[in-house]
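The same chain A turns up in both complexes below, where it pairs with chain B and then with chain C.
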Partner chain A sequence: MSEMSDDDFLSGGSEEDFNDESMDSDFEEEDGTQYLDDKDDRPQKKAYEVDYSVLSEEQIEKAQSDMIDEVHIILDLTPENAAMLLRHFKWNKERLIEQYMDSSQRVLEYAGIDLSGSNKLEVKKVPGFMCDICCEDDDDLETIALRCNHRYCTNCYQQYLFYKIREEGEAIMIQCLNHKCKVLVDPSTIERLCTPEILHRYHELLNRTYVQDKQNLRWCPAPNCENVIDCGVTPNQLQEIVPTVMCSCGHHFCFGCGSNDHQPCPCGLVRKWLKKCEDDSETANWISANTKECPKCQSTIEKNGGCNHMTCRKCKHEFCWVCMGPWNEHGTSWYNCNRYEEKSGVDARDIQAKSRASLERYLHYYNRYANHEQSGKLDKDLYIKTEKKMTMLQSASGMSWIEVQYLDAASKVLQQCRQTLKWTYAFAFYLQRNHLTTIFEDNQKDLEMAVEGLSELFEKPTDQLANIKVEMMDKTAYVSNRRVILLDTTAKGLQDGTWEFTVEF
Partner chain B sequence: MFATKRLQKELHNIQKPLPPGISIASTPDFSNWKMDIQVLDNNPLYADKIYRLNFKFSQAYPIEAPEVTFIKEDGRDIPMHPHIYSNGVICLDLLGSNWSPVQNVESVCMSIQSMLTSNTKNERPPGDDAFVRSGYRSPRNINFVYDDNTV
Partner chain C sequence: MALPKRIIKETERLVAEPVPGIQAVPHEDNLRYFDVSIHGPTQSPYEGGVFKLELFLPEDYPMTPPKIRFLTKIYHPNIDRLGRICLDVLKANWSPALQIRTILLSIQALLGAPNPDDPLANDVAQRWKEDEPGAIATAREWTQTYATS
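Then we have the complex of A and B:
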């Protein structure tokens, strides 16, 4: 994930799979209540905030070695074997200990580990030996065999490990070179044979699998950021909470799906919405709302003017655009279809009206969503613009750098609110019409108006900016407060399950 | 250099008599060899036919598996088989996830030979048309699902 390209990151697209089999599903409810009640230390915590911590790479490594230490003492194993077992059990300590107590032999065999001590690696020179891989047979050839006694030369082993780690990105399942031999190459052998550069990669891969295996961990998706977020929200809770976190690198993102901050819209709705916007179902919708098919040859026809007497270009069939019946049944009442009550005509009109209404509804939300998205994309420009404005204001008004910080604050709040507003439209699109929805839309409107007001102030020419400093700071605080209210009520509704949606997610 | 030494040795070894039904077509250099194989019993699908295998070796051979495909050349055809696409790509775990550096050209030929011998179905893999049209030439880019152990 840390290798995500810049583009991916900005577009916020994510194909994360939420349906990972949850290993400790038994504990979920406990986790959930714990996390909801656990706000004593932070009395100000809002309903939309979640508890999380940002971990550095060192902390991740430490967490692993702590768990290894614990297991190797409990199970009386070497730390190395304990580590291999833990990795094999995807760091599920409880399950490992339970199964190991049950049948240590089976667990060891299953994980490809041998305890007899014969896996102590020996580099040997064997006279008359020929390496099956490179076909070298010099007498002073250095050779290695794991406990399975499949012996190859050191050089081939190094090449093999290089290939596995470098090219295949494999770290925990590197097996003996022999065909179908399941014995694992143990970490100490890898440490011994690989160059520092490869070892660095090896440790990176080990950390990566650790983070992937642990459900409460996720890499920060920002480019070049190597931090990990630790958060207790499980995939099953994503219907009730939008776990938005902020990495110490400054990136806001959703812990549930890894995409950019999409509060207040839950991950499931985000996926549905993005899919809807991406696929051409709406093109199809437009076609059905704005065109009809020739009743005879089914060619698609868009009427862009003229009278109701249609002649199909393709099959020359003549029909009435209003009732879709053949034109010759219209008798002499040209240009005025009086066959309105005909059933087939009514049905056709109903369907068309419905799909037109649904298209209009979608476009209403989409246009507003797209508008805020567009503003969000200008993020980078805005930052530069703000900085320039601040410098200009400084020289024009004689204010200090610190004194012009209110512009930066306003710009940040604007960005944040646009991001939130954007997703309120996706959220609202899926809401049933009821009084809660009306309240939501009122809140949305308040925020929208406050944002526009602030935005207007922000765009004022530099010479006026100094005079409106207080007004701007007030507005900034107000806007930011409106956002908090909107998010808080939405999040509470999600937790209590009071929202009614038009779809399942 | 790594691959070359090993291939020199393999080349030396296959100058000695090869298992019946397997012969060298050409070994111009150490990156590309061609081998001919034929099925020895009287399986009606392959009787009296000779097929040509194209081996491509990378510098990482034998750590990395060679690319092995059937090719149409000198009147040779692509054999009918539910795991062989009509463009010659072979779906065989040995050449992908189950490759081991201990395998060699001879053992690969033998595996493919036995894959043909035991087959009775006169058919191509499902989705052959779409696969061939998609233009994949290198089996390395394909993630086969080796789900069928019956043939």
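Then we have the complex of A and C:
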């Protein structure tokens, strides 16, 4: 059994705990799905996997400076001017070079850069000068001017930069203080005038605009994570693929929309579904529980008291609340319905049933979706408890730290599968009924049953956990395998366009 | 708190060399708060009207623009019912080199050249586009009703 050999292998190397820890987290990165692939020489790429890499802040900065170096050599500009141009062109190097070759003068003007003036910033004291901003006119007032020669006092410049960077979050489009002047305050001037704190913010903003401008980059949305994901999936591919990535901080998310992992459901459907749930779910639940439709005009009616003789406010149709048949057939048996099987009543209930069916259908999917969401939250609590359990198990059964890792793995797989299951219901809601859908639902059912089985094992008391170790590892492997199968077939279907949806997205 | 030199200078100049058709007088108890009146430009539907505005210089002035609002009711696509003004130099295009006087001139110019393509009062802008003579007539009526004493 491959799982056992894994374990043997790991426990064999357990003398060096620290190394194991890093190794182990490498294993986790592959979501445990790799256990099965380990048998192959090389793990095959699944249809739902995308190529991506995780970049640190330093790497982002390096990528920028590499591109700046390249452009400054090609276009024979100072690195600073090259950087300003690149930022102006939203880091589209090709477009910049092409347009610069076309008309360098126009490009420079457009970007607020002037090559003729000297770039040297001089702090000068000008006798008789009055700063237009603060109206100070001391003779030893320090003043500066950009190439455009609009001169202001250093103090005002510093305040201005502080305000732009700190309050407005502006970094690349800070212009000369003169309102008609389009000359940009160059980075070296900013470096020179700002306090380290503001400069730090300035560099953050530069990185931020870089990541925003590049289509293949996206910040990891996890709190306090400063990594960037580099992935080549473009927005118009999002109908065919759900680009799920995992940051080195451990956060799984969708590269396409930035929200939490929502495989196998494509971003467009996720948006539609969430909107629908926001608008409808509670209302629909209430309507379903408390109302019926008028058999004639289908208006929704709440019976809030009184007898079963209903008169629709809208169309004045009189009917019986119990059998939904027309009231006049009840003759004199007021307040009491013994005519349930009458044909007219059955027909009326049929129509009612049809209009209810779509609502019920939605609720079917919504309730399961919500249920998995809830279970997922509970499983997260469980995960926190898992760690405790692992320590307890170690002392109770004399197992080593590495030997109880199967609990951790199982818990992670469980959470992930809940997340996937949740979204399979949103996905299924929008599917046309055909044989592919049936297969999908079978896969969904298999995964669901496996997940519930594993979840159940988890709730066993600690003293039994040691005995079911093998069973648990088997189930873990099985569950993650079911998930891989489900995601793989769904992703293939998306790529080949074989799914038929009830909506456009 | 001492008033910055810039504000003192600006106020002095507003009094010493007033802009034609524009008046701005600071409150005695708050020198950052101005009562403003602007005469409707000739050749515009606001001709003959005197429009009252309030102007406040915030703490960060001149790093942030002054806050200005019409007090007199006015029918204009870029001014809403609360008197708020949609003008680029009051927002993104503000520069510390601009002054109270230049801003008030811009507002006067806005009265002479309404811009229904960048509306604040949508209903007015809509009418301005679909029935310009009618909109101008209404603006003239409002000027007569609200802006003449």
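Just so it is clear, the second predicted complex is superposed on the first by the 387 of 505 C-alpha atoms of A that agree within 3 Å, B and C clash if a C-alpha of one lies under 4 Å from a C-alpha of the other, contacts with A are read in each partner's own complex, and residues count from 1 in each chain.
By definition in this document, a residue touches a chain if its C-beta (ideal position, glycine included) is under 8 Å from a C-beta of that chain, and two chains touch if they have at least 3 such contacts.
This is a predicted model, so every value here is computed, not measured.
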item: Overlay on chain A: chain C relative to chain B, clash or fit; value: clash
item: Which of chain B and chain C A:404 touches, first, second, both or neither; value: neither
item: First, second, both or neither for A:178, with chain B first and chain C second; value: both
item: Chain B versus chain C as contact partner of A:135, first or second or both or neither; value: both
item: Which of chain B and chain C A:454 touches, first, second, both or neither; value: neither
item: First, second, both or neither for A:320, with chain B first and chain C second; value: neither
item: Chain B versus chain C as contact partner of A:77, first or second or both or neither; value: neither
item: Shared chain A surface residues [contacts with chain B and with chain C]; value: 132-136, 156, 159-160, 163, 177-179
item: Contact set on chain A toward chain C in their complex; value: 132-136, 150, 152, 156, 159-160, 163, 175, 177-179
item: Parts of chain B lying in touch with chain A, wherever the complex brings them together; value: 2, 5-6, 8-10, 60, 62-64, 98, 100-103
item: Touching residues on chain C, where the partner in the complex is chain A; value: 4-6, 8-9, 60, 62-64, 89, 93-98
item: Residues on chain A engaged by chain B in the complex (per definition of touch); value: 132-136, 156, 159-160, 163, 167, 177-181
